[in-house]
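Letters A, B, C, D and E mark the chains in the order given here, with residues in each chain numbered from 1 onward.
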Amino acid sequence: MTVTYSSKVANATFFGFHRLLLKWRGSIYKLLYREFIVFAVLYTAISLVYRLLLTGAQKRFFEKLSIYCDRYAEQIPVTFVLGFYVTLVVNRWWNQFVNLPWPDRLMFLISSSVHGSDQHGRLLRRTLMRYVNLTSLLIFRSVSTAVYKRFPTMDHVVEAGFMTADERKVFDHLKSPHLKYWVPFIWFGNLAAKARNEGRIRDSVDLQSLMTEMNRFRSWCSLLFGYDWVGIPLVYTQVVTLAVYTFFFACLIGRQFLDPSKGYAGHDLDLYIPIFTLLQFFFYAGWLKVAEQLINPFGEDDDDFETNWCIDRNLQVSLLAVDEMHMSLPKMKKDIYWD
Amino acid sequence: MTVTYSSKVANATFFGFHRLLLKWRGSIYKLLYREFIVFAVLYTAISLVYRLLLTGAQKRFFEKLSIYCDRYAEQIPVTFVLGFYVTLVVNRWWNQFVNLPWPDRLMFLISSSVHGSDQHGRLLRRTLMRYVNLTSLLIFRSVSTAVYKRFPTMDHVVEAGFMTADERKVFDHLKSPHLKYWVPFIWFGNLAAKARNEGRIRDSVDLQSLMTEMNRFRSWCSLLFGYDWVGIPLVYTQVVTLAVYTFFFACLIGRQFLDPSKGYAGHDLDLYIPIFTLLQFFFYAGWLKVAEQLINPFGEDDDDFETNWCIDRNLQVSLLAVDEMHMSLPKMKKDIYWD
Amino acid sequence: MTVTYSSKVANATFFGFHRLLLKWRGSIYKLLYREFIVFAVLYTAISLVYRLLLTGAQKRFFEKLSIYCDRYAEQIPVTFVLGFYVTLVVNRWWNQFVNLPWPDRLMFLISSSVHGSDQHGRLLRRTLMRYVNLTSLLIFRSVSTAVYKRFPTMDHVVEAGFMTADERKVFDHLKSPHLKYWVPFIWFGNLAAKARNEGRIRDSVDLQSLMTEMNRFRSWCSLLFGYDWVGIPLVYTQVVTLAVYTFFFACLIGRQFLDPSKGYAGHDLDLYIPIFTLLQFFFYAGWLKVAEQLINPFGEDDDDFETNWCIDRNLQVSLLAVDEMHMSLPKMKKDIYWD
Amino acid sequence: MTVTYSSKVANATFFGFHRLLLKWRGSIYKLLYREFIVFAVLYTAISLVYRLLLTGAQKRFFEKLSIYCDRYAEQIPVTFVLGFYVTLVVNRWWNQFVNLPWPDRLMFLISSSVHGSDQHGRLLRRTLMRYVNLTSLLIFRSVSTAVYKRFPTMDHVVEAGFMTADERKVFDHLKSPHLKYWVPFIWFGNLAAKARNEGRIRDSVDLQSLMTEMNRFRSWCSLLFGYDWVGIPLVYTQVVTLAVYTFFFACLIGRQFLDPSKGYAGHDLDLYIPIFTLLQFFFYAGWLKVAEQLINPFGEDDDDFETNWCIDRNLQVSLLAVDEMHMSLPKMKKDIYWD
Amino acid sequence: MTVTYSSKVANATFFGFHRLLLKWRGSIYKLLYREFIVFAVLYTAISLVYRLLLTGAQKRFFEKLSIYCDRYAEQIPVTFVLGFYVTLVVNRWWNQFVNLPWPDRLMFLISSSVHGSDQHGRLLRRTLMRYVNLTSLLIFRSVSTAVYKRFPTMDHVVEAGFMTADERKVFDHLKSPHLKYWVPFIWFGNLAAKARNEGRIRDSVDLQSLMTEMNRFRSWCSLLFGYDWVGIPLVYTQVVTLAVYTFFFACLIGRQFLDPSKGYAGHDLDLYIPIFTLLQFFFYAGWLKVAEQLINPFGEDDDDFETNWCIDRNLQVSLLAVDEMHMSLPKMKKDIYWD
């Protein structure tokens, strides 16, 4: 579930963000504590080996190696590579959120443009609405692991009431080697055209208004699919990951406290705990975790979109809107500012 | 209230921006003076301990620690992390401003397309307009702490005249486990469709024009809601905050003036007041404050959007426009350039 | 007036941009020469004090202070802060330009869709067009200092022919505590609806086409207003200004030529004129000036938009287009490629 | 074929991205191993020459040269140049993906708005659909090397069924010195207008809806063409390439391990294998490879768009949708939430 | 003419971009060789003076000066200033390309919506199309130096067949102190309205569809004009140019090889040819050239848009489309996938 904290930062107050540092759900600590432990253990192990096991000559070699590693660690452009990469990932993530398919625009139009309060009219509106929800479900199934777990087969889709058994049969009989998520939209178009012929949709203006909105919904669906299908090129992700991992590998050796008595520049203090290196681990690994979390926002991370909730909400709300609420109106009364 | 200073910088003049440095409302000083005092006090305390309390050996250790901290303080990539993060926050903030729902476009259409100067016509236009304002109010309530304070319950919404008691009853009887801010739009659609049947709206072109505009309004509302619901991932905010806080923690120790007589490099001057470190505190903490202020622009900061004012303005103006001004026209006269 | 130099850089030639360095209007020199003089004078004063007035011990102290300042001057992240800030300002500036309200789209539609060459038809088209121009004038008045100077009161607006006296009266009698720039658009809508009833506008398709275009115009107007109302947060501007000013303050002391005979690192040359520091002054202060010029493009800077010219152009051209040119057509003749 | 790995990173897990480091298809290793071998061989060769062949004086000269190269290698701004350039390339690449022409929106409209289940009606819909597919094929031929290989001549286009022999003849007889990919769209417009006259398309609203959608399709096509025609300026690509190549050239000499006994700063360790330089090779050359892969996404790289697959899918799906599925509807039944 | 190289980089191959380094047209070498020669000559001259003409004391002074210059050269933030500036220029350049006015969308609509195969119908369509081409020509004349050279006066426009003599007369008689490029669009609107009255355009839906498309074309035109009129502020360009020029000026002195025997740090090698400085010249000056080329893409650079070609193509193709091809259709035949 998305971690919402905006109400906690509504006002900029005294050390306003420090409260955020104490959250656990969706936090940097929860995401990183395992990696942090591994890093700390490795660092300690190397430190112990250096301090206790190595002989004098080995120590000298290790010290040189450490200085060598430290020098190169600073040359690795982690900051910039991460800055550019995370910006890219964040933009993609937000675009995916903005393009989540919501049926609300369509349900307003269907409720006001597809007429008839009789059973056939109700069936018409509910079926149109159901096709819309079905398409988004089909897309979500191929995009989101959480939704796929819930609807592993088309049987589950039928059982959940998104599809009737008849529709299932027609759907399965269509021969195409390609994905068929667009099929319910053809049905939508055909059904709307039929309703227009029957006079349930009054004229072409109303019909085209519906079709335009449906096409907008389809574009959202296909864009989501596109984001899933064509991700950030693997090479880019690998470059960034390699840079960060290499940096920490170099730090493991290069940031060891060397024997102060040897007089190496910048090594006249032995604190045992490399506090700033550990903090750097949090910055950089945390920044990379931002990317890991957002690169596919349809998983089951704390910060991923709640697609299963969306699916339920959309079906419930849209059927309510086009059926029970069709042409229902509270009595019009003068508001309190009248005259 | 938003702090507007654009008229003060209309022309680029001699040291043009320096006047801005002397403002208090919405200024960096007002936002930061508390943190600044804490920082200065801590710095002074450490300085006094170093100068007065520590023994010789302890001083030597502190000096090494200070140099160690200073060295790492420079390695913390505060600038870049802040640069990328603030750019993200500023973009989100501006998009939220651009997507504030204004009913003006709808009120022009309602005034010109929903006919009838009799009481029923007036009621029709006022009710349509009220539904629009009601929806934006419902959204603002869940987005803005200031609006929520003013309208803590639906009773307050009814009392303020955005909803009639009847509407309240219908609204409450709708069974849905989900947010119901879309309900007034269904009423809007149904009412418009009814007006079309009664001939108050002339044809489908006028009707669809209204529906399109209403859907645009809804998109603004839902986008605002989306920005509130799905914020910048907590991890990102934590990474940035950690980096800045760590930097200043390191500065507290690392930027102390060490005994010049000891001959540490870069420490041959004791100024007592670390003027540049204090200025750096203003840059970096100020930059982070920009983010804190803008990350949720619906709070009560000096620079936050005046949502309560918007709500009042929109209701007043839109009712005025569709009722009193409906079909009112100044007498057409030749303008002074005629022939 | 905008400084246009694109024709001078149409082709990339030998040292192509050097010609731009010699321009005065809108140039970095014109904008900065006063600040530059102040900076140079201060630098010289400090230099003279150091060289002539200080005693030996004072000189030693000043030298240490100078080195201290120089060291911190390099740590101030002027480049990045300016880079991110100027990018933000430039984007806002360009968006303001792109959203300047031009009535051209509307005038094409009015000329072709509002029929009747008689006096009433002419009056209709001219009045519609005038309302459009009136709204943009009202917006410009509250956005641009130059326009406000020209039209300090509504009387000036009436005198300039944008409003008739009758309209003024109706406008003033509308009771609203809020800005009323939207009023002429209500009149526009009402007048268009009336023209539709009278058959001057043929059908709803033509009418809605006009209304859509009018709403687009309104969005431009309100976006301009929004840019003026909600500027870049003051804190951000202050952070940047502080960073730049601090940098130059640090340079005043830190970039002094110290006595070469004392053997300070990097101080074995006394050039008297700190050529690179002066050039740096031009880069950084010039970059900040870019922001100062563009942060409010409706002032009277060399590079600001010519809003007063726009207002005149729009009125003249749009009245010409909808009145004199209405239904005027050159005789259709075969073009020279016919067959 | 695009390399999809989003399902592997759905959840941010323990060292989440490390699994990506082990992929081969589309990976940095597959793309870079040849360059890496060349780099390693050259490095080794130089190393061997230095260690085994050079005389003492030559060694001294080489050592100075190496230090000189190392110093300048660090001054080459590879990171930034690459950061800005790759951001540009990635944006262009994604825009190309988003603008791939999909006929789905058109096929929904044609299926619901072009009536008649008889042979003429079927022919009409199929032909309209075929024209759309034909245009995108013509564009893809000039944009994608893979498609051009498959359809080297217009004969192949006719054979594949995208064009009939008659159409080919008409197409060839049109005299124009310019590309003729727009011709099928004129046919589309003419055919649609004819269908409107015959009553197969009911009214102008339906017709214009089709034409609007067709124009949208055309814009996608022409934008793709534009991206191919006007690439990133050659100079920019050359600047970046030169910077990266120069950097590695400087590294070949500057990152050699020099004789530790000579006491050069930073050269007190001889590891034989310059592990960090090799890793840097992977970062920077890998980053450049990202650009190489994406600068023309219509080639045959692992990560390029599967245009040939698109062409087949679009034809198959769109003919299926407008013909076999025209007016086909599953029986409407009450869904399981009815009442 | 645009330099297209995308087909050469379709696949990411072994050292894929190195082939681009060998191109001449539009290349960094062609653009920079003159500046490069100047730079090299100056460098050599200074070098010769230093080595041959200066006396001992003068040499010492020069050496100090050189070290001083080198130190400051590194402080000049060329990379960032260029990075931000070039990003801005490239974005503007691409937006200009995307907004080039193409008449294709209009010609499809005119061909299908303006009826009548008789001479009057043909004349109507051709004239409408010509007006569109005329407007874009008028805009191109004021934007592009290449087009202005070809059409220096309105006589040339008439001669080239874009305007008839009658139209010229009407055009010239319109009294307006402002640019009149919008006039043909008023004619377009009037002519279309007339055609609607005559029944050549069937109804308002078709007419408004044409007008909308025409307004879109106008927006492209006016945006191009806007880009030309309001360029990047002169100050910004001057800041960047100054920074780059200063950097190279500092390099001329600071990157000289000093006498190794004097033992200056980093000066123990005399290579005579400053290979890395020359390469840096290519990076930075090349990057600036990118900006010079793109800042006005309507000149006659190798990489500029071929506006004259566009003008010819658009006229030829659009007349062909609306006249010869009007209602021409290949015989409809079953495609090969039928059943």
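Following the convention adopted for this analysis, a residue touches a chain if its C-beta (ideal position, glycine included) is under 8 Å from a C-beta of that chain, and two chains touch if they have at least 3 such contacts.
Just so it is clear, the structure is predicted and the values come from calculations on it, not from any experiment.
The chains that touch both subunit A and subunit B are none; no such chain exists. For the pair subunit B and subunit E, the CA-based superposition corresponds to a rotation of 145 degrees in steps of 5.
Looking at which positions face the partner, subunit C and subunit E present mostly different ones, since fewer than half of the interface numbers are shared. Separating the CA-averaged centres of subunit B and subunit D is a span of 39 Å. Chain centres here are Cα means. That of subunit A falls 24 Å from that of subunit D. Of all residues in subunit A, those touching 2 or more other chains are 31, 80, 83, 87, 203, 205, 289, 293, listed in ascending order.
With chains as nodes and touching pairs as edges, the resulting graph is a single ring in which every chain has exactly two contacts.
Touching chains close into a ring; read starting at subunit A and passing to subunit B, it gives A, B, C, E, D. Every residue of subunit C that touches subunit B in the complex is listed here, in rising order: 31, 34-35, 38, 61, 64-65, 67-69, 71-72, 75-77, 80-81, 83-84, 87-88, 123-124, 126-127, 130, 144-145, 161, 164, 166-167, 169-170, 174, 176-178, 182-183, 185-194, 203-205, 207-208, 211-212, 214-215, 218-219, 222-223, 226, 228-239, 241-243, 245-246, 250, 288-289, 292-293, 295-296, 298-301, 304, 315, 319. Within the complex formed with subunit D, the subunit E residues making contact are 2-7, 9-12, 14-18, 20-21, 23, 26-28, 31, 74, 79-80, 83, 86-87, 90, 97-98, 102, 104-105, 107-109, 111-113, 115, 202-203, 205-206, 209, 213, 266, 268-269, 271, 276, 279-280, 282-283, 286-287, 289-290, 293-294, 303, 305, 313, 316-317, 320-321, 324-338.
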